[in-house]
Amino acid sequence: MTNLLSLSSAGAGWLLALMIVCILAEVGVIVWLILRQREEARAKTSGNGVMHERNIENVKKTQKVVKFLVKVLIYLFLVAVAVSVLFPFYWMIISSLKSYNEYALEGEFASRVTPTFFPHKVMWSNYAEAFKTANLGTLFLNTVFVGIVSTILSLVITVLAAFAFARLEFRGKNALFAALLATMMIPGELFTITNYGTVTNILNWGNTYTALIVPFLVSVFYIYLLRQNFMQIPNELYYAAKVDGTSDLKYLWKVMVPLALPTIISITILKMMGSWNSYIWPRLVANDELHQLITNGLRDTDFAVYLADGSRDADKINYPVQMAAVTLVSIPLFLVFIFLRKYIMKGVSRSGLKG
Amino acid sequence: MKVVLQELTKIFPSRTKKGQEVVAVNKFDFEIPDGKLVGLLGPSGCGKSTTLYMICGLQKPSSGKIFFGEDDVTSLAPEYRGVGLVFQNYALYPHMTVKQNILFPLQNFKGADRLSKSEMLERAYNVAKLVQIDELMDRKPNELSGGQQQRVAIARALVKMPRVLLLDEPLSNLDARLRLQTREEIKRIQRETGITTVFVTHDQEEAMSISDIIVVMKLGIVQQIGKPQSVYDDPVNLFVAKFLGTPPINVFQGTVKGGRLYIGEDNVLATPDVEDQEVFVGIRPEGFIYDKNGPLHCNLRNVEVMGRDVSIVSTSDASLNPTIRSIVDADNKIDTENQTVSFSLKPHKVFIFNKETEERIRFGNTASPAEVKE
Amino acid sequence: MVDSKKQWKAWLYLSPVIILTLVFTVWPIINTVRIAFLNDYTLMGDAGGMTFSVGVKNFQKVIQYPDFLICLKNTILLTVITVPISTFLALLIAVCLNSIKVLNKLLQTIYFLPYVTNTIAIGMVFATMFSMVGSGFGGADPYISTAGIINNILGVFGIEPVNWVNAGSTYWANMFVMIVYIVWNALPFKILILLGGLQSVNKQYYEAAKVDGTSRVRTFFRITVPMLSPMLAYVIITGFIGGFKEYSSVVGVFGEGMGPAGTEGTLNTMVGFINTNLMGKKPREGIASAGALILFVIIFAVTMLNMYVSKKRVHY
């Protein structure tokens, strides 16, 4: 194992930093504990049952040190967590830029014992290869198409339903709403089985976009969310519009939708992200080349390594190219996140549904 | 335990980059004698709560020092100061019973301070008895009335036998009837425990009625410190005079000419040794004497008989208040037929203030506070 | 007064929802229950005009499958291990995050990043981080020249390299990777919710505790945790539901084989069981339905239990 410890320069820097952080944290904890003990010991010598009789000067000194140490510990911990969170992304990106030999420590890299932390030669060509191998172009287009169409249709349905539940009076309203909410408790897997049959055998939608879009247009949760938002809009606005002779739909479009826009944006983003990340259903009903969605395509693609003579090496997976594909799939999500962070976090904090 | 504040100052940085910083408390010098009940009084934003939080340690002074007895506690964290704090909205832990709430501070004691379970319970029950909530020990805060919650909060602050007890607007969340009752209660508890107590209020009546000493503040600056009655009887400036007293003091435009004070055309009082100048004149409602031949003439509006006293409501062009309220003995027969009403004045109930600085200008027999106080 | 024109309009607006819900939600519930209780039901057979007797044979079969027991065990293990770990970590992170000002927003954003990822795609990244690479693999001492980045990092602390995910890896090594990945993935949502909860706690409780000299640890357990109990309950309940539906994270790391090469299926989950029976060459809808119903009952029971416990524990 000794040669594992003799690290390469780039890697050594990283790991050393990690070690120092950990040791610092440890020392911090120990010092803190000692200080606490000292403090208690002092209290023992001077206490009389009430906390008045302390040596104030000493308390003041330790109090400052303890406060500082706690701050340091908190930051160390938070930064360590941040590093752990970011590390997979970092590894994904640098792996995607390595040559296969560098990644696998073969060929000219065979003498190394640890992976490099930055590619010796940046292989942008991996991205081109990933794009080609995984057929990402088609997958992107398919996914974006399905995402956009289902989001638009879903929004229309959700807005209309939320409006009906929030503003209109009709018999059985509360019962219907309660029944819809109750369906939220049932895990989706229960529906998948029958829906699979319905879509492929009865409706004959196998391998169509329709099969990918229609079954998931209704989201009770989004209806619920939007209805709550609509109900906060004062009734008087509605009556005022009625007096002015505004039609329901016009009122909905001109008043309610703009006022509930933040919620609608949240719903839109979450729905789009859902399409981007969906896996099981598309895998079942539309997994042919023409309709395949991005996640399925990514998982199914065989990222092969090719030998010098052009034949494929059966035992090996071309991880750099695979990572390039993964990076390409992740980038749109990150872009959306960077620009629309507020809406996503707001929407998620009220939902808790992933994918 | 006496508490000494030395040039205590708190400056809040401005919220925006270009905005001005806010001086919440400006060079507060004060020595709170041991075992007294002190009321910090002023309108909102005057720095009274900030002062309280600095004494308690939750806010750090920008400059200046705080001593508890001989100990400099300026940079000491609140937990080592041995203070009890009662929050405006009580901050009772909603998930704990009254007993658990009161026991909570005791359970924090460490080392030799640590108490046995029975000692803790004994202390908790003693303090609960003191504030008369020993019947409610197993209830949760949301099952209590506002007044009861207030008592629990005081009990929680008292149970660790603090060196100083601090109360932040202790009565503001109570209805009027409870407020009267509770302020007597606070006074009683403070007397019985003898703990140096500082409380903050914007209600002058509250401060006057229970404090041993009041501190009147305005915009971070201490205006006057003294016994409630002496501050009332001898305000140092117009702000203090206006802030204390119900009904409030009547303020007039006035002129001093040749050692006489004029309100409008009326030559009302001798003001020896005062230079000729424009002044504000403050007259306490009880400073008026109903006198047909009196020098001050006002337009009679209304007479309210309130049992022992009669309140005469009148107006005058010189008055800065919309109406003048004067309280005279009910033995006076007020002639309501007449359009005007005339008063003579009790000189020690009349204060004059510099028109620019609004500082008090002393004259004649009100020159020294000692005389006023009898 | 409800006028009939409005009624008509309301139903019109709701018609897409009602129709779609009837077809894709209500009917599946009925149908899934139906086929779960039809012995040896398959969709192919049904379409071919076969008739099935009513009975509980599907359930018997499910329970007798060794595969199913593996799935059940994996699902339960993953859930009961990851939910407490991720909840506790998230609580710790949220509390620390709430106590700092500098870098607060940046760290908050970083911590949320795993939420906006594709579970399958990042699962593949985790697989590469844990997997062994290079030509030395398969040799006499496969670890000498190649160990994979996680093993390299562990090596710094003197920990022997472990075969985490490759052929020949042990069950617990695989589980460890899954636990790390699931916790990593579950943190953002929990941090977000708990941080929101912390920010809504009245600061005066902490000031009161501070004046009373309450230690940090005691403040955490006696004030923060009780005050956060509604959010904690929410996070734990949703965590349990999510845990029992775990599937795509395993697919991400191990592929649809649901296990390392050579020992496929050892990491299969309940949802995986349903999907395998649905996607196989000979789909067995009856078995899948029975499995789905069992999953539903388990989730329902655990949720009810959680709600019962939290009602006793949650203050307010």
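Read from first to last, the chains carry the letters A, B and C; within each, the first residue is number 1.
Heads up, the rule we're going with is that a contact is a pair of C-beta atoms (placed from the backbone, for glycine too) under 8 Å apart; a residue touches a chain by one contact, two chains touch by 3 or more.
These numbers were taken from a predicted model, which means no experiment stands behind them.
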item: By count of C-beta pairs in contact, the leading pair of chains; value: A-C
item: Most central chain, judged by mean C-alpha position against the global CA mean; value: A
item: Most remote chain, CA-based centroid, reference being chain C; value: B
item: Where chain B and chain C are represented by their mean Cα positions, the distance between them in whole Å; value: 60
item: Averaged-CA centre spacing for the pair chain C and chain A, given as whole angstrom; value: 14
item: Cα-centroid distance, chain A relative to chain B, in whole angstrom; value: 57
item: Junction residues of chain C - those touching two or more other chains; value: 213
item: Touching two or more other chains - residues of chain A; value: 51
item: Multi-chain contact sites of chain B, meaning residues that touch two or more partners; value: 77, 80, 109-110, 160
item: Chain A - residues contacting chain C, complex; value: 1, 3-5, 7, 11, 15, 18-19, 51, 70-71, 74-75, 77-78, 81-82, 84-89, 91-92, 95, 103-106, 110, 112-115, 156-157, 160-161, 163-165, 168-171, 173, 176, 180, 183, 185-198, 201, 214-215, 217-218, 223, 248, 273, 276-277, 279-280, 283-284, 294-295, 298-299, 319, 322-323, 326, 329-330, 333-334, 336-337, 341, 344-345, 348-349, 352, 354-355
item: Residues of chain C defined as touching chain B within the complex; value: 202, 204-205, 207-215, 218, 222-223, 226-227, 229, 315-316
item: List of chain C residues in touch with chain A within their complex; value: 2, 6-7, 9-11, 13-14, 16-18, 20-21, 23-29, 31-32, 35, 43, 47, 89, 92-93, 96-97, 99-100, 103, 107, 109-122, 124-126, 128-129, 133-136, 143-149, 152-153, 155-156, 160-161, 184, 187, 189, 192-193, 196, 213, 216, 234, 238, 241-242, 244-245, 247-248, 251-252, 255-256, 271, 274-275, 278-279, 285, 288-289, 292-293, 295-296, 299-300, 303
item: Of all residues in chain B, those that touch chain C in their complex; value: 56-58, 77-80, 83-85, 87, 89, 91, 93-96, 104-105, 107-110, 156, 160
item: Residue ranges of chain B touching chain A (in the complex, touch as defined); value: 71-73, 75-77, 80, 82, 109-113, 115, 160-161, 163
